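Please find one structure pasted underneath; my questions will follow.
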Amino acid sequence: MFISKNPDFVATIHEKLKGQHFMNHIGFRITRIEAGEVEGEIELTNFLKQQNGFLHGGATATLCDLVAGFAAFTLVEKGSTVVTVELKISYLNPGTASKIYARGWVLKTGNTLSFCEAEVWSEENGNKIDIAKASTTMAKVIIPA
Amino acid sequence: MFISKNPDFVATIHEKLKGQHFMNHIGFRITRIEAGEVEGEIELTNFLKQQNGFLHGGATATLCDLVAGFAAFTLVEKGSTVVTVELKISYLNPGTASKIYARGWVLKTGNTLSFCEAEVWSEENGNKIDIAKASTTMAKVIIPA
Amino acid sequence: MFISKNPDFVATIHEKLKGQHFMNHIGFRITRIEAGEVEGEIELTNFLKQQNGFLHGGATATLCDLVAGFAAFTLVEKGSTVVTVELKISYLNPGTASKIYARGWVLKTGNTLSFCEAEVWSEENGNKIDIAKASTTMAKVIIPA
Amino acid sequence: MFISKNPDFVATIHEKLKGQHFMNHIGFRITRIEAGEVEGEIELTNFLKQQNGFLHGGATATLCDLVAGFAAFTLVEKGSTVVTVELKISYLNPGTASKIYARGWVLKTGNTLSFCEAEVWSEENGNKIDIAKASTTMAKVIIPA
């Protein structure tokens, strides 16, 4: 559906991941990278919880930001990166499962801006439990040489 | 401006903070609690950064969620809590200072829903640097006895 | 997918439409009503345009609000209505075609709140042109007897 | 607070207003134009209402889009215009007064993007009734010569 301007986008993302301190700190792993779509997962460790034992809303927003941002990043040319302009997240159900999944995808990409969405979910007894849905704008930024 | 339905809201919040694993993990401290308004701060430690060394957008959203949620929580009666329905955050400037501040406040509170806002900023040479602004809906939930 | 609490929801919506002054004024017609999903269309008449001849962003938001609100409304029991708590809209492409379509659907419905989405599009040479995507929270309100 | 790149921004806006079909159609009047801030008002005529007699949420969003967009537009150089990237609106109270006011202002303006906010309100017995608050991203577009 989308054609990347960077033929090595998978390698470029793996390189970029090394410096993602916050992502690595919370233990989020990217499991799938395609042009315009990125998926990953995280264990619901204790420190990610709010006071009721659910995945913290801020951690949920972090997952959305990560997968949507990487989804936009798959499409830009080498030497550019993307930053989040804004993100809106709706909290559909509490995140209680031991493993949480996140997927981000590009709705539309232009010269500078990309509109993306993201979803966070878990799986219980074969059913998908929707935890959150996000809508976001990403902007391409050319990295100074 | 706002009158809390919980005369002990400061003590109630301090009690609630103990279970805030994610907030405590990232080192966020509440520094001011008033009816309808809460303020706090955090050190920009390395693990909170994204790949360019800035405060991660997900961490920024977490700060907004915390202060806005606590601001709404100051106004509800004992035995109730608040959950985040949705949150939108706009990223105004990168967060680069060693100390980051966040403030949340209630715009309007009703029987169930509270509309809140939050801002995240730093201070450099006496100037306020706006890092993010958020708008959020919080819902009151009665805690089962 | 969704089961309505109102077996007569199609008739109830048609009754409700009569009082929808703004919707009727701009000429929006509902073309499909199902449990949790509503679709409609509008002609891009001159007064709906902004200065470049495109569908005005406010009119686009109006279409999203209408179809998302009606989608939520299909699911509530008789004697209740829904109001929009908040709506976020992303503008993907300018709306230039003579006929504009809108579809709203429910992501999740709870006791009080429904999370909905909406899209606005046109069709040109058999291709779907995405004009806007919206995410919204609707709240059920019991109509006083 | 903001310095416009267009010394004639007031005249430029008045010129731009002529082509604002939807704005003129609903009867919205700009009453104040400053660098980074625009205010206006509208009569709550019958066709702007939803089924309960309140200002329609789509009309409310339209007012926010207009004043925020014009606020951003005051700051860009001649030959450029602004388009709405995204807009989020929270509905605080129903709009029931005969006259409705709207104000938009710029939070931060960059090379391409401006972050703006808008509020819609009425006045009853000397009190300000908050109807809606919006947060929006505007993008500068260079008009082809």
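Labels for the chains are A, B, C and D, by order of writing; each one numbers its residues from 1.
Keep in mind that, in the parts below, a contact is a pair of C-beta atoms (placed from the backbone, for glycine too) under 8 Å apart; a residue touches a chain by one contact, two chains touch by 3 or more.
Source: prediction; values computed, not measured.
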*Could you tell me the least number of steps, going only between chains that touch, from subunit B to subunit C?*
1
*Which pair in A-C, A-B or A-D has the same interface as B-C, with over half of the contact pairs matching by residue number?*
A-D
*With chain centres set to the mean of the C-alpha atoms, which chain is at the far end from subunit C?*
B
*Hey, how far is the Cα centre of subunit C from the one of subunit D, in Å?*
22
*So what's the Cα centroid distance for subunit B and subunit D, whole Å?*
28
*Could you grab the centroid distance between subunit A and subunit D? Build each centroid from C-alpha atoms only and quote it in angstrom.*
32
*Residues of subunit B touching 2+ other chains?*
85-86, 88, 90, 115, 135, 137
*Within the complex, which stretch of subunit A touches subunit C?*
88, 90, 92-93, 107-108, 115, 117, 130, 133, 135, 137
*Would you pull the subunit D residues touching subunit A in the complex into a rising list?*
85-86, 88, 112-113, 115, 135, 137, 139
*Spell out the part of subunit C that touches subunit D in their complex, as residue ranges.*
16, 19-23, 25, 46-52, 56-59, 61-66, 69, 81, 83-91
